[in-house]
Amino acid sequence: MLQNPLLDVWKREAVAYTGWLSIPSAWSAEVMAHAGYDALVIDLQHGLIDAAGMLGMLQAIATTPVPSLVRVPWNEPSALMRPLDAGAYGVLCPMISTRAECEAFVAACRYPPRGIRSFGPTRSLVSIGSDYVARAESFALTFAQIETVEGLANVEAIASVPGLTGLYVGPWDLSLGMGLPILGNLLDEDLLRACDTILETAFRHNLVAGIYTKSAEDGVRMASRGFRLVNIAIDSALLQQGAAAEILKARQFKER
Amino acid sequence: MLQNPLLDVWKREAVAYTGWLSIPSAWSAEVMAHAGYDALVIDLQHGLIDAAGMLGMLQAIATTPVPSLVRVPWNEPSALMRPLDAGAYGVLCPMISTRAECEAFVAACRYPPRGIRSFGPTRSLVSIGSDYVARAESFALTFAQIETVEGLANVEAIASVPGLTGLYVGPWDLSLGMGLPILGNLLDEDLLRACDTILETAFRHNLVAGIYTKSAEDGVRMASRGFRLVNIAIDSALLQQGAAAEILKARQFKER
Amino acid sequence: MLQNPLLDVWKREAVAYTGWLSIPSAWSAEVMAHAGYDALVIDLQHGLIDAAGMLGMLQAIATTPVPSLVRVPWNEPSALMRPLDAGAYGVLCPMISTRAECEAFVAACRYPPRGIRSFGPTRSLVSIGSDYVARAESFALTFAQIETVEGLANVEAIASVPGLTGLYVGPWDLSLGMGLPILGNLLDEDLLRACDTILETAFRHNLVAGIYTKSAEDGVRMASRGFRLVNIAIDSALLQQGAAAEILKARQFKER
Amino acid sequence: MLQNPLLDVWKREAVAYTGWLSIPSAWSAEVMAHAGYDALVIDLQHGLIDAAGMLGMLQAIATTPVPSLVRVPWNEPSALMRPLDAGAYGVLCPMISTRAECEAFVAACRYPPRGIRSFGPTRSLVSIGSDYVARAESFALTFAQIETVEGLANVEAIASVPGLTGLYVGPWDLSLGMGLPILGNLLDEDLLRACDTILETAFRHNLVAGIYTKSAEDGVRMASRGFRLVNIAIDSALLQQGAAAEILKARQFKER
Amino acid sequence: MLQNPLLDVWKREAVAYTGWLSIPSAWSAEVMAHAGYDALVIDLQHGLIDAAGMLGMLQAIATTPVPSLVRVPWNEPSALMRPLDAGAYGVLCPMISTRAECEAFVAACRYPPRGIRSFGPTRSLVSIGSDYVARAESFALTFAQIETVEGLANVEAIASVPGLTGLYVGPWDLSLGMGLPILGNLLDEDLLRACDTILETAFRHNLVAGIYTKSAEDGVRMASRGFRLVNIAIDSALLQQGAAAEILKARQFKER
Amino acid sequence: MLQNPLLDVWKREAVAYTGWLSIPSAWSAEVMAHAGYDALVIDLQHGLIDAAGMLGMLQAIATTPVPSLVRVPWNEPSALMRPLDAGAYGVLCPMISTRAECEAFVAACRYPPRGIRSFGPTRSLVSIGSDYVARAESFALTFAQIETVEGLANVEAIASVPGLTGLYVGPWDLSLGMGLPILGNLLDEDLLRACDTILETAFRHNLVAGIYTKSAEDGVRMASRGFRLVNIAIDSALLQQGAAAEILKARQFKER
């Protein structure tokens, strides 16, 4: 059976840098899988990707050793079970604000008696291995996204839910919730304080702390604070910025 | 009826810079359409895009004023007529090596008595305008790709085919055909000489000269030589390079 | 940034007539977008369209200035947020029966502190504008469908939820719920009385009143009662009726 | 209007044997529809099929007289209503553990005043018949899956919900929940006792008892116990086993 | 095995009226299949439909007894064989201008020794019957479209190709080729004379004569001239016209 | 760079057994890729798979070390180049009847100066390796299908085309062409004689001989004759036979 390489990364106390996928294309996913990231996150919430698109992307990424995580659209059992059945190495669940929400989230990802995950890992039995069920608990990662003011207030209770892999900061939602301007560069003092609270709570509970950023620069800063699952790039944005930079170069020349 | 803005660009003796689309996704196409290019080329030959994908991408790009060209997979009537019926502003036809091939190409793009294009511009009548048929001849651009040694030898005869909009250099195929190494930066003397031959032939025949390059730097150099339809970026490559650059930045930090 | 043209229609105290989309095709959506309606409604509840289909249809309609509304399948956060992230000009939420349901609906469509909408308007930032977030509250319309007996009883409480754009009558469901026969022509006295109750409640709360009908004739009658978002045609039905009419004409001739 | 042939099977006190569909392909579904089963089950929970895939598969199966059931991903109104609107002959709802859950499930499948199903059987009106709504209650089957320990404990209360068609045993989930090893051959005594409890409860309430098995051998054993909707094959597994058997035969020869 | 019902229609000397499909949707195809036409034509040339779309539409139509014909994009072996393998009841081949072209067309549709059709009727063996190959020659209809001036000149030679089912007039292309204005109502004297030439040639060779029109009115006129496969409606146009008519009715009221 | 493992198989003088894919699904392809075959053949000619489907299947198979071959729909440059650009390990070209046809086939698969393959191995550069172009000639296999009487007569000339990897017998088409009944078990004397002629010609030219069969039994017989690329199973047929066997078992029991 396949191992989840992220567990090794964290055993080595290293940082797993991820790329974020919002383009619904198995080809762009395969390109990203060859770029050198420690894992990719398929975003079913704000990415323009649905369940069928996810399946093709999970397959495309699985042509490489890079593990795929899936950010589900909402804390709903079927939304959580589907990617795990389809071969995802773990899930990120948005908008976890209370301990009860986190318990429901984790329960949906764990087989009885630990949880209520329904049996039927159709692709995982093939792509991960025939002993998947016995090892699903350690294999399938569960990250609760802390990205509301209520979630921040309840972070201690959330972190204490058994079976949780980690806490994952959603800084844009958190900014909005805290009444801060939407900040691209993660420099706001209040926001950083909130990040550190989440980080420290994760440490105290032996959880992995993760965070979404949009650049290597921000990502490295967050990694140095202690985050161990750090997003540093988004496919749509890479395309957007790369395309704009190239045409700008050409235009500037024209104008000289 | 919509006008073809590329005609205006060339009337102003300006250069039209294009982006190249090989990701089969209407979303990535829409992102590219907002990046500032003068036109986009949907590549049905080497891009991983089929006819259904093309339709969605033509629609996505048409949410902006940016015109869409389609590079067809081969010089075949149905391959040429399909994008023109679907609202493309023009087509690039690969591997034109003889005058007869060029005549067949242009004929497939022109209604009788000029050619053999079959009537049925299903989407063009809606997306471009109800008077499309009357104006299709000037609207729908036809670029013959010169990218074989034979095509280079026959460039004069090819350029003299009535109804042709332009000659388009495919430097990678041409390099291969000339026995040159595949060059990323278009600096080979022999290749440049071939490019100039094509360029000059185009000028003499009042045709637009176009060329495929992979960067603004190369594109600007080619524009300064006289090319007027110049590709400077490819979606897959922008993604690939952007993604690699970001993870490299993060890794380098780690290693310090 | 794009404006929501429906707001202008209503400022002029005019009626916005809509077409309803249940065929999962970006091409039929584009055809409908050229037909002259004030807006189109993509029906993810009873139409045979899923999230991926919606995306292509939103793009196809956006090749014209016609705004797209999305009727979501159910009052669920992810179902509501997804179309708003994908560039919809507003959502219709079915089966709102209580004030609590309406509050949950509106909250899912509004960013904090007004609501709980999660940040990530991936396509809206591109298709509507980079200042989308700041203006999302006024841009993104929220219509609560009143179509149950319970909803009718609670209409006053529902209408008083802050942030709601309008009340939208679902006359077929309401008929069923009231124990009436399914009426195609909206002539039942009891049903009309219920419609008027909803209409008057909307007026009292400065909300837009909308209603689903299947024909211009019914739509105009409802517009004259005061409804301002009035559906008058459904794509599948137009096809069905048009096709049947044509073959009937041919058959009748044959039989003479 | 089409009749639901499963009702006839059960009137004859016969067993309906089903095939299970988890491959998202209308072509493989059509092949299965010609194989001789009494019905097919499209699995939207653990199968790799989404709503768009389901639609194509419902159409493909409807090229034959074989009825299609849909196993929905979760007990949610929109998940239940969608297949019924799209022409399914019934639904299986996973993980029903309490009477309240069963009531919610059945209500979502029944029009008022019996339930809360929203009006809009877009495809059913075409594929099943224009009098669909009047006959939907008897036509559209509702099977509650008993597959948790809690569901087993509450089976009496679940079975007494009016409007329910049958109880359907999910033996793999039930095994997991009961702390049994995952058994492929349904021979565990405790599990069989649980199956019989469900079966007898169904009988007492005039409900159809159904069960999922993976082979004709197991299916026939379960049919002989009294189950009347019995799955005996899964498309992915048939492919897997058939493919493995053929290459094994070839390899064995090679090694001789 | 299924019979081809069009053969019966013509045995009765009746007219087969068809609807034309250019919307790439299996749902709209199914709606059209219930509208009462004698056959439907899936247009892979000017319709916005590709091979994958065709498969879903063939399946959707096969939920009814209505036969499906496919208009292929061009006279190419693979384009002709693909729909016949996928269960089409016949093909229309565009732009047949010479006897040699017609021979190539018919050969591609007939198994050796009559032709060169390659063996592999994957879906036809399932959807039409296991004895498909033995009966394919009479089952699979072959219509040569006469729609060029050259084709008109060669109609006698084209009609004499053994194995051809019929001649099919493409009046729009023919108009263009004859230098006539594009006529929507088929009233031009010269065009009608050309139509009659084709019709009479078909009669003399015991072939079925067919023609494309856009309305029952035109279709009936053409049927009365002797055409026996007569198109009278197009899905996109029905939608377009129906939608425009409804909004016009509503707007007119508003303006009163 | 990836190696083509089929070359190793043949170096060891072993037989490569293949499975045939005609179901357009990346999931069924992935299942087949885990079944133990030496290679899989994606059939774009008679399988119900188009170019977009092929891409997803190539990706799904590439999650395992199993190489993918593609049988193209016809001997056309774009049909041949597309799979090679998309990461296929080789192509089978149907209906090669003359030396000229074979030369055209091989030329389309080889870069200049050996052939006319156009440069643009978009996915192959990523999935196979960045040095793909330099090694494409040995990597990308080319099999000419001998399946017409004419091809059989010209087999010597066909086999002598430089750059060809092998000859591949299509016994069903060959049977049809030879006027034999369609035989499922490859026992006809005349057919076997033809197979042996092709086999011996292949040997004399140092080519790999391949053949399509439908079962391990037939495949092993053919392997023992000397064929080295031997198909023994088809996905649709495995499903069909497996499904029929299971329901037959259940029915037989019922009837006892």
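Structure notes:
The first chain written gets the first letter, and so on, giving A, B, C, D, E and F; residue counts start at 1 in each chain.
Following the convention adopted for this analysis, a contact is a pair of C-beta atoms (placed from the backbone, for glycine too) under 8 Å apart; a residue touches a chain by one contact, two chains touch by 3 or more.
Remember, it's a predicted structure, so these values are computed and weren't measured experimentally.
The minimum number of touch steps separating subunit A from subunit E is 2. When chain centres are set by their Cα atoms, the one at the greatest distance from subunit B is D. In terms of their C-alpha centroids, the spacing between subunit D and subunit E amounts to 41 Å.
The distance from the centre of subunit A to the centre of subunit D, each centre being the mean of the chain's C-alpha atoms, comes to 34 Å.
Touching of two or more other chains is recorded for residues 22, 24, 27, 31, 34, 48, 50, 52, 55, 76, 123, 236 of subunit C. Chain contact summary for the complex, subunit C toward subunit E: residues 14-15, 17, 19, 22-25, 27-28, 31-32, 34-37, 48, 215-217, 219-220, 223, 230, 232-233, 235-236, 238-244, 246-251, 253-254.
On the subunit D side of its complex with subunit C, the touching residues are 50-52, 55, 76-78, 81-82, 85-86, 111-113, 116, 118-123, 133. Of all residues in subunit B, only 22, 24, 43, 45-48, 50, 52-53, 73-74, 76, 79, 94-95, 147-149, 170, 172-173, 176-177, 179, 182, 236 touch subunit F in the complex they form. Listed in rising order, the residues of subunit A touching subunit F in the complex are 26-27, 30-31, 34, 55-56, 59-60, 62-63, 123, 126-127.
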